[in-house]
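I've put the structures underneath this note.
Consider the two complexes below, in which subunit A is the common component and subunit B and subunit C are the respective partners.
Coming up: the complex of A and B.
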């Protein structure tokens, strides 16, 4: 049995997930290119946020979905990337390419330094340590006068007329994370990540240097979140710790990746589109209960679709298999 | 010297509350391997229950301790039976997310019912305190500490002496063997989760005496509960108590830090989460099994 066949048996439809789902996701990406032509500022921001969450969800997917290290602190990298842009802007450098490049370098280094101790932890310990990193970084930035402390910094790049630049920059970042995930998943790197997720000791016995691969996955995921942050900061025009390290930016990407399908290529994008879209509509029409709905949504998704939507694309046996799967994890 | 003694006493008083917060969290984690992100929300519900009983019926907060426990025990028992047991054997992430979703639900329901306003439970004895050797001790905090010690003692006795308590400890040691001996694991799980919620409710009642009550009040306690558990050692009652006291004292001193490097002024009171993380990382690196912990697989 080939490795892919083994992966299909454990219910993921191969290392990249369903090919149909990937085609659907890429087609939707092409459609999203048209958004700025509508000249509707509100819609442009909504879809830019969807692309941003998608890029962060892909970052989480690599470490949480593929490598099996559930991180609850990816927002630390998003915030670090955003502050890279803010600092460059404060020094008179207003260039998105420079922003993204600096965010990637800083985040990769940050991830390696933090990852060396933290990636030795497993399971719950890793999850909470990462959450601690995000909270601590937010605390520290809020106390650093050089970064504007808790009152924040203004970040300005282009004038109102060229606002679409940010949209396309975010689109490129999202596309890069999708394609990056696809090619990483199919390379030796992706197989090593999945091997670590399925059984770290067995992977080590087979000659996979687990520490090195874990740090690689963590660093790449940090760069994905950081790139999204680097574009977000100037697009938003203003940055403070509560925006850069918000709970939403921490939690949405995780829920999106899981709703779509963690450890698949198309999952995070599909999850981002559905959840961010639903959230936006609810916020608009039912502002008071939209977080309530979000909580209920998480509970329902976890109970009826623990393996995500993409899993349904490749499901053999249709509704009966799905119904049977509902009691698979019962105590 | 006077300031040192005052910080030490403040730390011990705060640590007693933390111990009760961590106790339920530690049981649920140690016995079922669930990180219960809804723990903070249970705590918040306990605090609101106390507030409502006090505001509507003038029930003394210390008298509402058993009410908080029973109501939240029932809630936790139902949640475990009808929701979490459905995915009990799923990968850790699934339950992690499920409890997070539940926490969001409860916090937002509280937001609708009680709005986001700060509430307080102000009793006749709220401001009263006494002074020994220049150290000021508020009566409510002292009684809170005593209540915390009593609750910890009762839990320890119950877990070691009662039949259900022994079944709970058997389940945490070896599920298969426990099942063979006639323990109904799904039922035990529900009891343990109920206990976790009930103890969170009791902690909420105690906290409502000294802190403001609002829907988001549980979150800071959640991360502290985690650190206290790691610090004291997982799933042990005396570990939660000692971890809580140690953490309370460390935090009382760390938040007093106040110095300046160059033009950058650094004040410990703004860095509570960073302090928690530093304590957590040091413990995980130096003594991963906690102060009271035994080596486990």
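Coming up: the complex of A and C.
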């Protein structure tokens, strides 16, 4: 049985991915509303981080998963968003709505300016250029005294009794990225993104201005990462370049989106939940070698589920179809 | 009203003195011809004669090194590739380029969304238009399949449906009949005649001589990047220059020899009739 024949039986689930997976993701989101009621500060931070990574994974998913431009620089947008909040805080403005709004505007402009030259590149060249942007921005900020340079900035935040404000703000950002992805994927915009991913030349012949839509995808993805950063900065209370532009914040969202299913609506959230959850548990029980288990887990899942976990949701014929698909991939 | 049943008349495309150079090779040189609204122009020539290059120049994928292609007076080289279809020019690719992970219907809907009248169509209207076109080209039965799943003839049909979704006035077809069997070729020709009757001007690149002769109003022959003949199908195919380009000068000589031998035999037969009814 060929790969395509297996895929046909499994059902691609269309441009949004499996609807069952989307329903599951939204149901889990509703469950996550309950976390602050547990009055467990540690759990609240763990789940707030999951929501933050999820929002960033959705940002990456739009440009990397849907449009096919694999960016390794999304942390630049996260950091830029975080510093927007820090700057507002330094000017005495402590309003999460203002933080998120400013982060979105700044990131959209940043993405357009940087995207015009960078989105002309493809494949490895694009990946390296985006990585370069993230590293360069981190170094620039580390040398700007106005932004606290490498010693960082304190960001005003509410007292601990009201920390749930940040949790729910992050929950809203994550929800907005999920719903945003859903509606974009089903709109004309989503089809333009996928057409560019599948074949840019054929997309152009069908009337799609690739440059314009690639920049649109990147700007929206930058806003998603930036909004997460804008809520993170006051929640964390402190910001320096190593926090704002950390390697984890760059790599985790990509792995989460791919693990869950790149180019699907539910994939990044499910990936974020499983990956961040597994990371927490492994860290707790295998403090010294948890990264080894963590790495091994990623390798195994990518090997046996190359299209992501969401793929399992549309499975017709259950485990047998899935096993057949494994042999088909080897063939 | 022209024979094609539409009101637009006169020259649609004017190809004047087009040359296209790749490094040291002139893939096209000094190619000029006009395409009338509503006509069917067959473009033939041996492998490597520049047919696909010419298609790429006309559809705006390549900018010609010399000369120009104008459509209703507008230079195509001045228009970005993605805007060419908004002028009313659509094309298919010889090597089909489906969006593999999308369904057949979604593939066609993308054309309807972003083509000439895409701006006025909602997503839903685009899908309805796609369904209509799938019925016209005979792909409605596989509308929900992934495009990567289609057989070769169906992939060719999908290319045509995608191009038609752009609502073109001029449709460039690059070997859409290659790899089809005799029945499928007949079906494809019927489809193209139908499209032409709806007022679409066709430029058809094809290797199948029988197909091209039966559909074209004018045939243009390219050889080594130059136009060597143009005219009605029967006239063009009888031209010694065309025969030579296709089959080589030795073949022409050999045909000449065969004709002489044949004539000799006939003479011999008349002189010495075979004994009948001994």
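As a convention for this text, the second predicted complex is superposed on the first by the 311 of 331 C-alpha atoms of A that agree within 3 Å, B and C clash if a C-alpha of one lies under 4 Å from a C-alpha of the other, contacts with A are read in each partner's own complex, and residues count from 1 in each chain.
As a convention for this text, a residue touches a chain if its C-beta (ideal position, glycine included) is under 8 Å from a C-beta of that chain, and two chains touch if they have at least 3 such contacts.
These numbers were taken from a predicted model, which means no experiment stands behind them.
Chemist: What does the overlay on subunit A give for subunit B and subunit C, a clash or a fit?
Modeler: Subunit B and subunit C fit side by side in the superposed model.
Chemist: What is the contact status of A:296 with respect to subunit B (first) and subunit C (second): first, second, both, or neither?
Modeler: first
Chemist: Figure out whether A:141 sits in contact with subunit B (first) or subunit C (second), or with both, or with neither.
Modeler: neither
Chemist: Report for A:191: first if it touches subunit B alone, second if subunit C alone, otherwise both or neither.
Modeler: second
Chemist: Between subunit B (first) and subunit C (second), which does A:199 come into contact with in this model arrangement: first, second, both, or neither?
Modeler: second
Chemist: Per the overlay, which chain contacts more subunit A residues, subunit B or subunit C?
Modeler: B
Chemist: Applying the touch criterion given at the start, work out whether A:15 contacts subunit B, subunit C, both or neither, answering first, second, both or neither.
Modeler: second
Chemist: To the nearest 10 degrees, give me the subunit B-subunit A-subunit C angle using C-alpha centres.
Modeler: Placing subunit A at the corner, the angle measures out to 80 degrees.
Chemist: Considering the aligned complexes, could you tell me the closest Cα pair distance between subunit B and subunit C in angstrom?
Modeler: So the smallest C-alpha to C-alpha spacing between these two chains is 11 Å.
Chemist: In their complex, what parts of subunit A are in touch with subunit C?
Modeler: Residue positions touching the partner: 4-5, 7-8, 12, 14-15, 186-188, 191-192, 194-195, 198-199, 201-210, 263.
Chemist: In their shared complex, at which residues does subunit A touch subunit B?
Modeler: Within the complex, subunit A touches subunit B at residues 64, 70, 117-118, 121, 123-125, 127-129, 131-133, 135-136, 138-140, 142-146, 251, 254-255, 258, 262, 288-289, 291-292, 294-299, 302-303, 306, 326-327, 329-331.
Chemist: Within their complex, state which residues of subunit B touch subunit A.
Modeler: It is residues 29, 33, 35, 83, 85-90, 92-98, 100-105, 107-109, 112, 185-186, 189, 223, 226, 230, 263-267, 270-274, 276-278, 280-281, 284-285 of subunit B that touch subunit A.
Chemist: Looking at the complex, which residues from subunit C come into contact with subunit A?
Modeler: 59, 61, 80-86, 90-91, 93, 97-103, 106, 109-111, 113-116, 118, 123, 126, 145-146, 148-149, 162, 165-166
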